[in-house]
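Paired with chain B in one complex and with chain C in the other, chain A is shared by the two complexes that follow.
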Partner chain A sequence: MKAFMKRFAGMSILFLALGVPALWAGPDQPDVAALLQRLDGMTNFTGDFTAEYTEISQHPGQQPAVYRHDVYRRDRDGAMTIIMRFPDAQKGQGYLEVDNNFWFYDPESRLFSHASLKQSWQNTEAVNSDFFRTTWAKDYAVESWSEGTLGIYPVYVVSVKGTNDQVTFPFKKIWVRKDIGLLLKAEDYSLSRRLMRTVYYPQYLQVGDHYVANRMLIVDNLNVGAKTELTIADVSTAPLPDYTFTKAFLQQVNR
Partner chain B sequence: MKRFRFLFCACLLAVSVLAFPMPAVPAPDDPAPAVPAPAGAQSTGSPDDMFGGNMVQGQAQAQAPAAGQGQAQAPAQGQAAGPESLLQSKGVDIGGYLFSDYTTFAFWQNAYPSLADPVSGVSSSFVPNLEADVYLDARPYTFFRVFGKLKVVFPFGGSALGVSQAQTSPFTSIYSPPPGSGTSVPNISVFELFADVNADEKVFLRVGQQVIHWGVGYFFSPADILSLSPINPLQPALERQGPLALTVSAPFARVDNAYLYVVANQAMTSAFDPADLGVAPRVELVLGNYEIGVGGYYQKDQRPKAMMTATGSLFGTLGIIGEGVVSYGSDRVRVEPSSGAPGGWQSFTDTTTPYFSGTVGLSYGESSQHISVIVQYYYNGQGYSTLSQEQGAVGLLGSQQAALAMGAQPAGPLLSANDLLLPGQHYIAGSAAWADIRASNLDLGVFYEGNLSDGSGVVSPYAAYTPFQYFTVTLAPFIGYGEPGSEFMTKFGYFAVSLKVTVGEGAF
Partner chain C sequence: MQYIVLAFRNLGRQKRRSFLLGGAIAFGILVVTFINGFAGGLAGNLEQNFSQLLGGEIFIQGVEKKASGQRVELITDDQALEAAIADSRIPVRAITRSSTFVGTFFFHNNSAVQAVVGIDFAGSSPLRNRLSLVQGGFDGMADPEGIIIGQQTAQRLKAQAGDTVLVQLRTVTGQMNIAEFHVAAVSHDPGLSVSFAAYANRAYVNAQENLPADACQQIGILLRNPGQTDAAAADLSGALSRRVTLLPPLPKATGGNMMGSMLRQHNENPMGAMMADLMRQAGEGGYQGTRYRLSTINDILGKLELPQVIGAINGISFVILIILFLIIVVGVINTFRIVLNERTREIGTMRALGMQRGGVRSLFLLEALLLFLAGAAAGLVGAGVLMTLTSLLSFTPTTPAFLMLRSGHPSFVVSPAQIITPLLVVGIITMLGAWLPARRAAGLKPVDALAAVH
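This part shows the complex of A and B:
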């Protein structure tokens, strides 16, 4: 009994030693690193993913432009293929990303070009990385955080900084729902910390244990009045053939 | 005492447990949490008001992608096609692109225009460009596809020498890129006609007349040895015809590719022999964030070549390309000082000396602002290092043609326009563009190309305004510099201005 009590007391002291710093941080202190990791886990699929994306881009003084494309993702392999379907001028253009290498295929010239995830998507406020799996935990580190409210939702407001030069935006500020950890809003900043665009994620679709933002509003903070609304339809998690993620596939499906 | 010890330890444990914060954020691998939906937000007109209700829709079940809708029409929303359905279509897809632009040029060929009398020495021309690409795309099965593309060029009747999109510029001279093989281009021509088949979706075959690009350069691409015509730096995005070929491609190691080309190129005649076929293997490998291409080409009537390309990025924003080709001997007929006639030139062929040509380039794009900058340097190992050599080659070509016209046989191998394409040894080209400046429908940019070997070049700033869709007006001066008779002074003269109206151009 004495030995048990000694061991019990030792464990208690150990727990206390580990717990005191956390107590100082306050009982509501979130594990923000885990928050980023959880963002990835919620929106990245373990199996294959297919969906149709539609963007309606509005620029001042211009007619709204509509773009439609299919997205095929295999997040576990870091692979994605995009095939443009509308408008006709872009139909057949293809994008392939594998292991952080990104190719654009132009069916007119039949040329592949190494592209960047940082590039704007067509003539919209979206960027190529908006369609791909997220890598919050790998590519961003938390700078600061606070608590707030967005709409009716209590949120964590987290400022993050890119950990490498491959990220599309070197600084971001994100609003994450406290209760279920979904991303609601993101402000994207340039290297000089100039606000480039604001992205709203007002609607999600739950697919199994994962979520996909099936409506996004992207506001251009540089060109006042320019914005793009992005919707996602016909989500599928059916397995895809391996050749979907090859250059040969892009060459075959184009016009 | 024992009871005291127990109470003390229990208190310690309780304090320790309480000291740990409750996990505010669930573990990443937790199952999907329930979605509480607070309600009652007040609208303020801010986008933040979107977060006022249940923002998570019902659970979607895993499902097969919808059946393909064919490609003749834009798909309706909610009809994403599975990858297989994109490879199959019940009907034949027909479409194309209409090129429609009309340009007026004013030239000052022999001197820069003077302020006192700007129209002195000016000449002008009008160049209409009306051309349609029409394609048909048939996909009766996922593993069988036939594709064809026709080009229809104004004037539509008869046969026009070299009238093609590549030749809408009046800057035609001995240094201009030849139209394809150098023969006349009919007004209606088959640009591509090929079939795609595959073996178990692992090996892909394309057979027929097809566009093939090996190089990665934008303005210059010495490693692009299978295309039938070179890049025109003034129109680098222009599609270029490829050979009759069988292409076998096989992806491997997830992202790498192996290719084998069997080429029956422009040398094909009615007496074509299987031994005349060219063979060109190529491998593309991804190493980190760089893609490396390595290939070779052998055809018995041409000099064997080995090539290498590389593409990647620096600092995540700067694109970098490089390519090089080594040729065992030169495919060009070249000139050298005549041994028998001092001051004269004689032509020769070289089948044993290795020639290296290569290019490196950088590109930067700020796509959110529609800004792009590209700069490229080209070392042409088969080019001439001085203006006098270039002029010697031009002079000898002229005298050979004159001799042929008189029925005489010139001494030495015959020069052709292809031998004088990009005659210099060192080139640099670049462009900078800012499109749709602040949503104003105005594009500004500048193009530069220079032959560093003969000291000539051209600078061309431009402004393009699109008041409404499918209508653009472009104003572009061309300012040439260099010695008289140098490459770019011959091609562009001292000064030129073009006014181009592009109307009704687009895909259909």
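This part shows the complex of A and C:
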């Protein structure tokens, strides 16, 4: 009898350890992998995308710096072109992402040089990849998740880890609205898991079936007081000529 | 022999004039030898100081191309390289391994950009002899997270030994990372290049760059005879080519602006600029595995445009030499013209007593030769004394030109050619200057010379 009781107690502990979380995870548990796919699907366009981006960057002890540029995207091909509009000193400079190569064009020297999507954008808290299509499902895997609220919105708080050593930020924590699956906040962590920057997405613009975060606030958690506010205007999904995603286009813009 | 005695006597008759002309020759030789010696010492000191700071006179850098096509600055397996070094039989004093990144340092609300070189501090690192510390000590590098930062970086961060700083960097694959370093010491900036580099432990730097702990990005070879760098590099290049894929040598610095821009991009660290250049080179062509490139301290000094600086000093020396030579040649011609006028009757007497034309000419030329020899000897001795006295001057590591000095002292190196060439030129010019008056003196008719009235 004693042996049976011991076995019963052991089985009960095993059941509690394995079974209860499984039950709890049951039908209400979101498919978090699908959540990442949904994020990509909502923000990446099937057709072409054009918009004017403005960044206002503030650093302690410095005057705010303003940058304005046009972004042309063809997400299905992984292509992007950026043309600088402001400040005047950088007007005409261009960037081209095509065939997994990121080029910088300097109209003064008329030369192209290799750049990286991982590089910081000008003297701001943004990185070049912030303007590019998202690759949540391909580049990140869920480490853990929980439920919470952010402001008035019930959210999933998901910790993700890079699936390769190519992603700019190896670890991220994201706050995703439960109802429509939009990203509201992201914390970007270094390889040593230190918080580097926090990105807020307070405002979205719906364009057809897709969403564009037309306001973003990027806070530098390392350089305290440094932040960049990013606004997106003149969004268009009109088809773009193939020529837009060529080096010749960057050269022609400056003629 | 008789002519030599006569020539000595003639020079002694006008002591002041001889002293001034010989002094001018001596001064010319002294200045040119001193400047040449300074330029020679400068080149040697820069080479030696940079070699110790960078851990080698010869460097091997590696770029590994992964299956994904991505290129990574990395040397994981150095057995083939070590075997090639052994094959080449070059005189190796020490082999160093290092990894480097450029990071942004943060301390409170202050930030500074600085290259960080990961080296092995255990044992007798050549860096210990070269790096002069303002605060802290090398003992602090026993801490795996220890770092030695430059004085200007420390001032910008308002950090000191014992503080913990955060450094934002990118891994070899470009990922963001933040590392925590403990400031073990603050070093004097070695001059020329502002805050040349911070130094940390290689294993910790590798961990931050996401490299294997025992890997490195560069192997440095310190030679027992640094003067033979190019010859040793050529031998090693041949040995390496037989064992690994060696990329073509580093392009020589041709455009000052381009190199300046490269160095600015890489925080004035020439190794960063060279690595960026290597990455571009290694990207060409489809291949797998690791490619290597051999470079020397002279390539780095070339990137820093130091040969141009030394060339400019040599150029100044040459211009001074020309000016001094002009003064000497004018002085010699005038002096011997005066001598000719003063001694016309004496020449007539000597000619009347049987001295041949050639004898008169030889006497004049012999006087010029003796004047030159005395001046040259005095100039060389003076230059030696001046160089010895100058090399006794001691400068602190805060001196902007500390990298040009040898352990804080100016040093001078004059090659035999740098001594012989000016001597030959001054000698020939002196003789040429004396030749015309000597010819005129030899051409005098005894009767006319004896009748001459002054």
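Observations on the structure shown:
The definition used in the following text is that the second predicted complex is superposed on the first by the 229 of 255 C-alpha atoms of A that agree within 3 Å, B and C clash if a C-alpha of one lies under 4 Å from a C-alpha of the other, contacts with A are read in each partner's own complex, and residues count from 1 in each chain.
Everything below uses one rule, namely that contacts are C-beta pairs under 8 Å (C-beta built on N, C-alpha and C of every residue); 3 or more make two chains touch, one makes a residue touch a chain.
Because the structure is predicted, anything quoted here is derived from the model rather than measured.
Aligning the two structures on chain A places chain B and chain C in clashing positions. When both complexes are overlaid on chain A, the residue A:P60 reaches chain B and chain C alike. Applying the stated contact rule after C-alpha superposition, one finds that A:N223 touches each of chain B and chain C.
When chain B and chain C are set side by side, the one touching more residues of chain A is B. In the superposed model, A:R194 makes contact with chain C only, not with chain B.
In the superposition on chain A, contact of A:Q166 is made with both chain B and chain C. Residues 60, 114, 116, 118, 165-167, 196, 222-223, 225 of chain A are contacted both by chain B in one complex and by chain C in the other. Residue ranges of chain A in contact with chain C, taken from their complex: 60, 114, 116, 118, 162, 165-170, 188, 190-192, 194, 196, 222-225. Residues 1, 5, 8-9, 11-16, 18-20, 22-23, 25-32, 34-35, 37-38, 40-42, 47, 50-52, 54, 59-63, 68, 70, 72, 77, 79, 81, 83, 85-89, 91-92, 98-101, 108-111, 113-114, 116, 118-120, 123, 125, 127, 150-153, 164-167, 178-182, 184-185, 196-198, 200, 202-211, 214, 217, 219-220, 222-223, 225-226, 231, 233-238, 240-249, 251-253, 255 of chain A touch chain B in their complex.
Only residues 2, 5-6, 8-9, 12-13, 15-36, 38-41, 47-53, 55-60, 62-66, 71, 74-75, 77-84, 86-87, 93, 95, 97, 135, 137, 145, 147, 196, 198, 201-202, 204, 206, 211-213, 216, 237-239, 249, 251, 254-255, 257, 286, 289, 291, 311-313, 315-317, 319, 365, 367-369, 436, 438-439, 441, 469, 506-508 of chain B touch chain A when the two sit together in their complex. Contact residues of chain C toward chain A in the complex are 70, 106, 109, 111, 166, 168, 170-171, 173-180, 208, 210, 280.
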